[in-house]
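Can you keep this structure in mind? I'll have questions shortly.
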């Protein structure tokens, strides 16, 4: 039997630069590509929407209220119809993107950061600290979010920050408990034992070894939490916390469309669709990122590979 | 548990169960918007409780004729004023409560004392019988004299609110099964699910057609309306204007509510009359009709409906004049009024259908004048804190959304609270208004009407205390197999005896 | 294990007490129910009388002391609104929510695990994409929208199901379906994610190399190790449902605890709020204990 000759000094094929690699992997997953594009559009809306179409979106026209969609008779802005005060829905959705992304993004980020941190601590440190943190999480889980909102409103003033605070606090337990559950399992694995034997500090083990394994699950939860918060935020606005008219978010538009479901379904449908599309895009993109960042899974996105090896 | 047995039974009868044979029996199913917390007759002034209890189970001595004919007899056959502060009531003979006991003057005395007693908190006592001392004199079983101090010229009207319970009804707690003289008996109450009333075959008056009434509870008006459309229910007393799409089943009725904005006349810049006038001129009231609100709402100049005694028909609705409003603001600004100071509109969530939209529309209109107006919606308790005394010393300038109900035909139930210096929801401190209110309260006949009219004129033209918007209209959906026309009292009662079958 | 349960019960009891104190004092800072119970034009005497009858004039600590003493006799106070003992009010409402939540979560658990696992088995395939997209739509769509559209479609137009109410088995189909959709979407994604990771691990490769059948690989080998985050999320969603299947209860007219809680908070009916929180908190604490025990059962390496 003859072995093929592999020479040690044979040049390796040149590596493509990082950006090109990412684009190639994105291209492999068409769904993620579309998702990335959609998210780009939404971010653009959030960045420049209010400045560009803010005036059009705010103009009321009581006699033209609940105008049905899919007709160009009043111009492009009314393609998705008009709301209960005659304002065109499409520009309103564009303008609302900023508030929505800001509030939902801040809430989810805050909850994930605090929840994951506490979860890492609870999963890795001593019994007592862990017990205290977990019982605290139980208490937060049992505290109704509406009560928290009413109390915050009474004790502090009504502001966006307080809205984000209330929303974030109620979501902390899920990140906390999921993180802890994964940490409990991961810290018994071989590579963690190995790192410990090699003398790595606790902090290094947790941040460098355990956290990257937990992160994908947290991101999965976070992307769906995004949708939940977008909708939950509107019910708090009815109490006087957070976004008040004429400011608007998608969640608020959906809630305002509720009394009209039977005869003007477009009021709640299109902003709801915006929420659904954003959520789907975030989920698809995060799924792609999970595959791309995981060395074990990356082969699915690399050129020349077939599904399931 | 009960519902498990029902579940099993229902599975067996699955096919037929949810298409009930409503047409066969003389039963009606009524959908109310909220579950009843209690079924106590002395709480019947509360909307949903009144819809079940008032005049169906518990009756009153007199009854307001919603067609404009004044007071009708009910349990009292006739009444007359004996002297300045005493009224004599002759009661209907031969009336029995549903527990078999006879109805007589002692029961009226007992009901009255119970309603104002301090052992329980009765809404009827709190709302209508506060601030007066009543003494009763039982002349005989069917004759009763009531003396009030101070004298109450409208005592018979007040008696139209007092539900009569049998002597001996628990004086320390609310009853779970109300007993009355009315045409219906309280049969069943499944907490959270339904209440059933069955016809009282020993009723002293005319026998009604409806044999059994089943009250169920659905918060979502669209779902309630859909239940009638699907044949699962017969009457929904209150639906939103946009759900009232079927002219064969949907009827509008003036519902004795008036929507207005209270101007906080003590805080700058609202303490300047020019600004208050500008606010009124800047609203295009006509734009609301047939769009956000029903086309049948009536532009208001006062906060009591036109059918009320003392409603001043000479007052003109504010015209829509944006140019003049802007000029007034400029004029005030030149005179040093701080027109840039923030004016907050305080809204109340779920006040009435499309209420938030109405406020948003008003916000846009008021902003056109150049004033610095903002809007914040609040839940009931917070709104109530803003609306009722005591007010915060350093409060911002506020316009508060209010929907006020007065179906009793006399401004006395409104004026003191809303306009007197000591009124709980008043921001006015005007001695002329106080004087008018006090003298009108004690006056009778034409003099009374004249004084009330003058009071409304002063409040509307001289002071401009509010931004009156509309006398509101409600919508009811009634199944096609019934004959039922809602009246202005439909907010507070639903007399089953007024329902007939086609 | 018994000492574990014992320790946990003690710790949970402590947190329950902490919760009671927290809720009691914080909620009373939001005003009292007098002006909500009585109409706007109620006389001052009647307001004073109401406050006196319900002990609202006493200093907060006195009220708290009275509350604790009553609590020791299992008396949660009376509902100010409903003139009935608060415990009765909550216990009448709780079974409805419990039934809805239990049935919905059972269906969610079974279907999400099965479908999520199958989707992860062939990542990127047609089944995976389809199930993901459909479940995501359900998970991010507003629940009242789904509920009302379902009512109009299945009840009013087609007449197959009743619109609302609680009478028969048929009345439960729509509410449970609506409750099912959001947790299903979330848990499907979590299962899928965990299973993808588990299916590419070394032991699965070994099992495949040994010739173990696909079905066994998924459901015996991979699933057990993927379940930890899954049951955590299931527990969280179940807790969320107990606290608030509000929209479903409101639209379909189920007199459950979600709607009761919201109404009581807005009406400042504190005894009902506290009683309700305590019952749901106890249920949540017990559930979390069971989940912790499940961790240990699923993965013998875990020590807590």
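Going in written order, the chains are labelled A, B and C, and every chain counts its residues from 1.
Assume a residue touches a chain if its C-beta (ideal position, glycine included) is under 8 Å from a C-beta of that chain, and two chains touch if they have at least 3 such contacts.
This one's a predicted model, so the numbers in the text were calculated from it and none came from an experiment.
More contacting C-beta pairs link the chains of A-C than the other of the two pairs A-C and A-B. Taking the mean of each chain's C-alpha atoms as its centre, the chain lying closest to the overall protein C-alpha centroid is C. Per-chain CA centroids place chain B at a distance of 38 Å from chain C.
With centres taken as mean Cα positions, chain C sits 22 Å from chain A. Centres computed as Cα averages put chain A at a distance of 47 Å from chain B.
Counting only residues that touch two or more partner chains, chain C has 30-31, 148, 152, 266. Chain contacts: chain A has residues 150, 154, 261-262 touching two or more partner chains.
Across the assembly, chain B contributes 222, 226, 379 as residues in contact with two or more other chains. The touching residues of chain A, when paired with chain C in their complex, are 29, 31, 127, 130-131, 134-136, 138-139, 141-147, 150-151, 154-155, 173-174, 177-178, 181-182, 184-185, 188, 216-217, 220-221, 224, 227-228, 231, 254, 258, 261-262, 268-269, 272, 275-276, 278-280, 283-284, 287, 290, 294, 296-297, 300, 307-308.
Those residues of chain A whose C-beta lies close enough to touch chain B in the complex are 58, 60, 62-63, 65, 84-85, 150, 153-154, 158, 237-240, 244-246, 256, 259-264.
Note for the complex: chain C touches chain A at residues 7, 11-12, 14-15, 18-19, 22-23, 26-27, 29-31, 122-125, 129, 132-133, 136-137, 139-145, 148-149, 152, 182, 185-186, 189-190, 193-194, 196-197, 200, 225, 228-229, 231-233, 235-236, 239, 243-244, 261-262, 265-266, 273, 277, 280-281, 284-285, 288, 295, 299, 301-302, 304. By the touch criterion given at the top, residues 1, 3, 6-7, 9-11, 13-14, 17-19, 35, 37-38, 40, 45-46, 118-121, 123, 125-127, 130-131, 173-174, 191-193, 216-220, 222-223, 226-227, 229-230, 232, 379-381, 384-385, 387-388, 413-414, 417, 424-425 of chain B touch chain C in their complex. Remark: chain C residues 30-31, 35-47, 49-50, 52-53, 81-83, 92-93, 95-96, 148, 151-152, 155-156, 159, 161-171, 250-253, 255, 259, 266-268 touch chain B in the complex.
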